[in-house]
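Which chain is which? They are A, B, C and D, in the order written, and residues in each are numbered from 1.
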Amino acid sequence: MDITLPILILAIPFAMFLILGIGGVKMPRKLAGSIGILANGALLACCYTVAFTYFFSGDPLFIIDGVRQQYQVFDVTWLAFTDRLVVNIGFLLDPICAMMLVVISTISFMVHLYSWGYMEHEPGFQRYYAFLALFTFSMLGLVVATNIFQMYIFWELVGVSSFLLIGFFYKLPSAVSASKKAFIVTRFADLFMLIGILVLSYYVAQTPADGPLGGASAFNFLMLNSHPTNVLASTLGATFMGGSVLTWAMILIFVGGMGKSAMLPLHIWLPDAMEGPTPVSALIHAATMVVAGVYLVARFFPMYCIVPDSLTFITVVGAITAFYAAVVACAQIDIKRVLAFSTISQIAFMMVSLGCAYDQPIEGVHYSGLGYMAGMFHLFTHAMFKALLFLGAGALIHAVHSNDYTKMGGLRKYMPITHWTFLIGCLAIAGIPPFSGFFSKDEMLTAMYNRDIIWGVWMTIVAGLTAFYMFRIYYLIFWWEENPEYKHDGHKPHDAPWQMSLPLIILAAVSCVAGFIPFGEFVTFNGEPYHIHLEGWVAGTSITVAVLAIALATVMYAKKNPLPSKMRQAMPGLWMAAHKRFYWDEIYMFVTHKIIFGGICRAIAWFDRHIIDGTMDALAAVTNFCSVKIKSFQSGNVQAYVAWYLLGALLLGAITWICLL
Amino acid sequence: MDLEMLWYLVPSVIMFCAGVFGFITRKNTIALLLSLELMLNAADLNFVVFNRYLFPGSMEGMVFTLFAIAIAAAETAIAIAIIINIYRAVGNSDITSAQKMKF
Amino acid sequence: MFSNILIWFVIVPVIMMAGLALCGNDNMKAIRGVMVTGSTALLAMAIYLVVAFLEMRSAGNTDEMLFTGSWIWYAPLNIHLAVGVDGISVLMLLLSAVIVFAGTFASWKISPLPKNFFLWFALLSTGVFGFFISIDMFTMFMFYEVALIPMYLLIGVWGTGRKEYSAMKLTLMLMGGSAFLMLGLLGIYWHSAPEGGTLTWNILEISHNAAVDPSWQRLLFCFTFVGFGVLGAMFPFHTWSPDGHACAPTAVSMLHAGVLMKLGGYGCFRIAIFLLPQAANELAWIFIILTGISVVYGAFSACVQTDLKYINAYSSVSHCGMVLFAILMLNTTAMTGAILQMLSHGLMTALFFALIGMIYGRTHTRDIRQMGGLMQIMPYLGVCYMIAGFASLGLPGLSGFVAEMTIFFGAFQDADLFHRIFVIAATTSIVITAVYILRVVGKLVLGPVVDEHHRQLTDASWWERFSTVTLIVCLAGIGFFPNWINETIQQSFEPIVNVLNQAI
Amino acid sequence: MDYSQFGAMLPELIILGLFVIVLCADVFTKDGSAKRFLTPMTTVLFLLATVAIWLIPSSGEEVFGGMYVDSQACKAMKAILNVGAFIVLLQAAEWVESDDMKFRRGEFYELLLATLFGMYLMISARHFLLFIIGLECASLPLAAMVAFNKKHYESHEAAIKYILTAVFSSAILLMGLSFVYAFSGGSLYFNDIAASIAGTEINGLLIAAVAFVIAGIGFKLSLVPFHLWTADVYQGAPTAITAYLSVISKGAAAFAFFVIFAQVFGSLYSEVWEWMMYAVIIATITVGNLFAMRQKNMKRFMAFSSVSQAGYIMLGVMTEQALGLGSMMFYIFVYIVSNLAAFAVISSIENKTGKVSMDDYDGLHKSNPRLSFVMTLAMFSLAGIPPFAGFFSKILIFTSVTASDSMALYMLVLVALINTIISLYYYLLVVKAIWINPGEAKVERFESNRCDRVALVLCTLGIVFFGLVPYIYEYCLDAARLLN
């Protein structure tokens, strides 16, 4: 395959970053914006071409006997630690990668377009586009990674672009602290990932170059994924705290994914990340970056399968997070926070789905790899409708100048486009057919039921909660009671300009039809196509649960009524706890500020200044003290001088004499 | 060691010690000079005695003593001159008055 | 003698000093002219040297040292002026040249006594360059000390704050280190050849002779490692660094943290480890513990400082600790990482100190509590500060990442569990680094303007931009294309690691 | 008697001749303005003498039955001392030319030449009688010179302290020598004594003899604890004399010390005086440093600094080889130029302004940048900072000490090295006063006179080039190989 397009995919956004980042200050806004959007359009074209070539060209590089192949378009050495530890920068084309290329470029283009309208009056418009380009570059680099180390590199880069974009409104202290928090929490998670990579690569690099793993770089995905049993063999006998080292390594790597994908307990940064501009939230914190964890698990799927404990770990973490986030989402006031928790919950859904998948046939299960396909499918559909929801929220915020649903209400009359597109988004996430979310969620639930009924039931409940909280805010925004301020002329909300509405409409349309994509034809764990078919009873259950939840939300929130506040008063503790996100932030604050900062750092700083430095000063002080103490020897009295003189001579002799005896 | 030689050496040691004692305890610089002379003479005495008893064949010790005496005289002369200077400057010749510079 | 390019690295600064001596006391134009010409010449020479070196290597020249030359100096003691470079010293020379160049521009408006400042500055660079070109322990040590002493005056006269105390402390502690070092070198010299052989100061010859017997090696290793370790800010001998850096003028901080602290690390492997391999194998663990502590301890200390320079000084403790830590892992990859870290830290810290100097020059405070929102006032400096910060916390694309990763992956290859546990402990520093860097960036660069008077301040002037851009380009250059440097360094470590492996 | 033997004593004869010339010129001219010619005449003649001593080859003969040796090492040492003395003369010129000194110019030169003559004898002596004569000849006129500042009380106090301690020390030394004599087999020739001692069993008297000899010569070198006179005398004496005392007299004594201990007591090294010297050297370096730290008077400061430097010089004794002596001679030479550079600055400031306190040096660089520069170099050199000569002399003497595999010597060097940190501290205090301490200069701007400038230039050249150019060291080492 021609490498021009793959290189362009990475080069265009990076060049945009440099051009806009360095020259942006001197550029007029219009110019910067148009360059950004045009470049992104070109990028979109490239990505689509590559993805379509991959899926449809039938080139034997990509598909052999109906089995989709993984293909390294290029893989060049970037840094060689040792013969076996070689970091390459490359481009790995495979189903999930192609799918991600589509998702990223689409959403990115939508967001670029949308931001033209949304950010029009913000200072630093050019900088904003530069950062978006940087993010797009990093995210694309992440998904095309040929090896775990390349992934780690871009993993860090998406972290920093996320930091920059969250803190875009850098004059606001809240934005600054949110961006810091996001960066540090994810960095903390990345530390574990790094350790995981260290451990994994250590054992792989120990294998002989002519062994079963071959002499390829120990980081390489293809090599690792195609010989997971040999990797396991290389760690044979090495255990740590009861688990095999490979299990630990894979779990540690997953912890990195937990950080990026905001899994409990590393989720705390994502809600705060909503301080960033809303389109950014749509791009990074809903559609692309936060699914990096899911992507990571999918990428390393054969490796995770070889150590089933790690899959169980993923499932458990995902399940707990999904439920937790759904509950918290029910008690948030800020619409972006609701969406943020919804994102956490949905990503956790995908995690559980992946955790429930398996690459070997399982007895009694029709298709053991369903969870993988379903998770990816949901990733795809979720990206579309969650971006839609965020962009819709952006339009609302743009109109109302507040994130708070209490400042909204009855907006359906004023903002019809926003209303309808938002509704489509809500229906999609709630899992109502024929919207896209239904299909992907149904497949996921089927996979979970297949794995264990507990997961199925548990996640069905979460799905119900999802429908409830989404329609809760839907009603609170668009129905409930009209905000009296809208009557005043200047405050009358209205739909957003076309640059903003267009992406909404496009994404809504995609959300309507995406469910009908035969996703299993394209993306499966082993490349063999799988024909999706609906499991009737699962679909029935989930639709029923969703409809019931929507009905409940309708009853509670469609018209202004005292029911919600009564319920709130009935369970004040629970509501408060959920509203405060079960006090995770407070716990973190306590640990970081009181213990680490106040306890460890201050103690060390004090120790350094007073003990270590004090010792050095004390050396000087002692010298000085001696100097002062012995000054009386120099008494000025010549008789004393000669006394010392003689004494010295005698002492010299006497001591030597005694020593010789 | 020759017992007879010891008879001569003991006074030498006593002289030396007396000189040191005098030097350390006396106040007047002239007295200090006298003490120093005692010490020097003790050393001279040693030379003579050793020469006489240990190496009766040669004269080195004796000659050395002669030179030492001459040097002692020169030292005393210079010392006296300086003491006179001090006396002119401070009005007495006590060693205690020459303790301005210290530490 | 003068046909050897390496010698000119020492001669040029000396000529610069002579030129400065001829300038009028306050003739800024002439002084700047001399400095800019000189530092540009040095930079050009360094670049030429790198290119020439790589060409020679690619032409298949596999000698340990290239461009060697040796001229007898003190014949009775077999002291030579012996020069030669391998890939590591070439890069260190380049680093020094870059920083001297940037430092010249960063101290464009130094006052008072500009002439004297640059005189000592040039002397300092003489020492630094001389150290890196030497392969004779005696000259190496001499240049080492030449580089140390101008610090006293540079900090004492042109510094700020408790400059007298700090300058004295710095000088005395470093001299304390070099006292141990000197003894170590003497010991090596007197055991440098087998019974009856010719004693030598030449590092390569000593290494080939391998005549230092193990019982002496242990003692001498401790002496030399501690000696160099003091300059490498090894815990617990690091306390000169925060005070010293805090009080030093900009260019001096740059040069000191950027280059001088590298002398420590460089000496550690070039002398302590290369010449005393058995002891290095045996005793490395002691220093791994100390440097491991340095890494984490420095990072934690930096978290609660409020003075910008203190933050960077502690951060240097952490980063330089990493250098020594990696060197002690005694394998090619980790040691390569150490050199990368030296380069990276050199450039990055120089950038940091340059920026701090520029900010301090405007706001007259370095307390982060009294500043804020500088991005709104001086966006250029703000952006640079963030870039420096990112380099420091190991952002891919900048040099810090490459260095840290090479260290971690190299160090983790050690079969010994003790080592690997310490590596994992050291990796935590990347999070702590992120914490303190972002803390500063958040308070200083971002956020609201704290002091309204700062709004009148101006952004960077052209020489300041020039100085910072030079450094940033280098940082990004290493970050993007690390492999050629990596290979150059790895090649150079092969002889050292071979010696180590033979000595086990 | 073969009078041609005197031919071997050419350096002494030159100095003696000079002495006679100056004496005659002084005695046979009238008082008054006429004696102005004395200074230039002596200086020029002395310069010629110095050159002559450098140039004439040594015969390597032993004359007067071995009492006197005209070896290359002795000649080199004399030449080195002569250079120092010449610089001292240059520095002293202004003071000598002052009105106070109107009638005593000649005396100053005569006394100085006499002491130099004594030192030459000390250096070449291979017999204790000649050694004692040389020692006293070097020591007694100095007392008069210390007392030269008639109008200053301190000068007298310094002189009385000096003469009393000097006499006391010669008593001790004579006592020690008398003990040595008891073991000598009847001869006071160094070689004979050495041969005799080598066969003797070690006993208390012998140990006392060694201790007393160390004490006796230690007085001249101001080794601790025999140094207590040093500071007071240095402070009180005229600055030129202080300079002279601190370098020339010390250098000669150090050389003599080496010769005596290497030749006479060489066989007793490991049993008797190795450990004595450890104690003395460590004490000397440390105590000197500790006292110097606190000093404010520059001359007193230099006194303690020279005490500590003496300890470093003595390190050369700890190795019995030519390497040690060569390094020691080189050290002395470097020490001479460095110390005299400092004294040149001190004396020219004192002569112009009468200020000798370190506080008065605050901000000196503003008014007298050149003097400040030289002073800074001198301090760096004394502290052993490269690329100045002091660094080389220090490292070379350390190198020679560690030549043997003895761990104890390594530890001794370590102590000495650690002490260099303290010494660096106080040398930097001067640098700090000059460059860093705030405020206006307390010493007004002045032009040094021609002689001072020549002295300063000579010293600066020495400081800068003695280390960088290896020939001086090689010269010393080659000379040291020919001790007898």
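Criterion: contacts are C-beta pairs under 8 Å (C-beta built on N, C-alpha and C of every residue); 3 or more make two chains touch, one makes a residue touch a chain.
Everything numeric in this text was worked out from a predicted model, so none of it was measured.
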Chain pair with the higher count of C-beta pairs in contact (B-D, C-D): B-D
Distance-to-centre winner among chains (Cα means, whole assembly as reference): C
Centroid distance [mean C-alpha coordinates] between chain D and chain C, Å: 42
Centre distance in Å when chain B and chain C are each reduced to the mean of their C-alpha atoms: 64
Chain B-chain D separation of Cα centroids, rounded to whole Å: 26
Approximate Å spacing (C-alpha centroids) for the pair chain A, chain D: 77
Junction residues of chain B - those touching two or more other chains: 23, 32, 95, 98-103
Set of chain A residues in contact with two or more other chains: 631, 634, 636, 638, 642, 646
Per-residue multi-chain contacts in chain C, two or more chains: 172
Touching pairs - complete list by chain label: A-B, A-C, A-D, B-D, C-D
Chain D contact footprint on chain C (complex, rising order): 73-77, 79, 113, 116, 138, 141-143, 145-146, 149, 152-153, 156-157, 163-164, 167-168, 171-172, 175-176, 179-180, 182-183, 186-187, 189-190
Of all residues in chain A, those that touch chain B in their complex: 631-632, 634-639, 642-643, 646
Of chain D, residues touching chain C in the complex: 323, 326, 365, 380, 385-387, 391, 395-396, 398-399, 402-403, 405, 410, 413-414, 417-418, 420-421, 424-425, 428, 431-432, 435-436, 470, 473-474, 477
Residues of chain C that touch chain A when the two form their complex: 169, 172-173, 235-236, 238-240, 242-243, 297, 300-301, 303-305, 332-333, 336, 373, 375-376, 379, 390, 393-397, 401-402, 405-406, 408-410, 412-413, 420, 423-424, 427-428, 430-431, 434-435, 438-439, 442, 445-448, 482-483, 486-487, 490
Contacting residues of chain D [partner chain B, same complex]: 128-129, 132-133, 136, 140, 143-144, 147, 150, 153-154, 156-161, 163-164, 166-168, 170-172, 174-175, 177-179, 181-182, 184-188, 231-232, 235-236, 294, 300
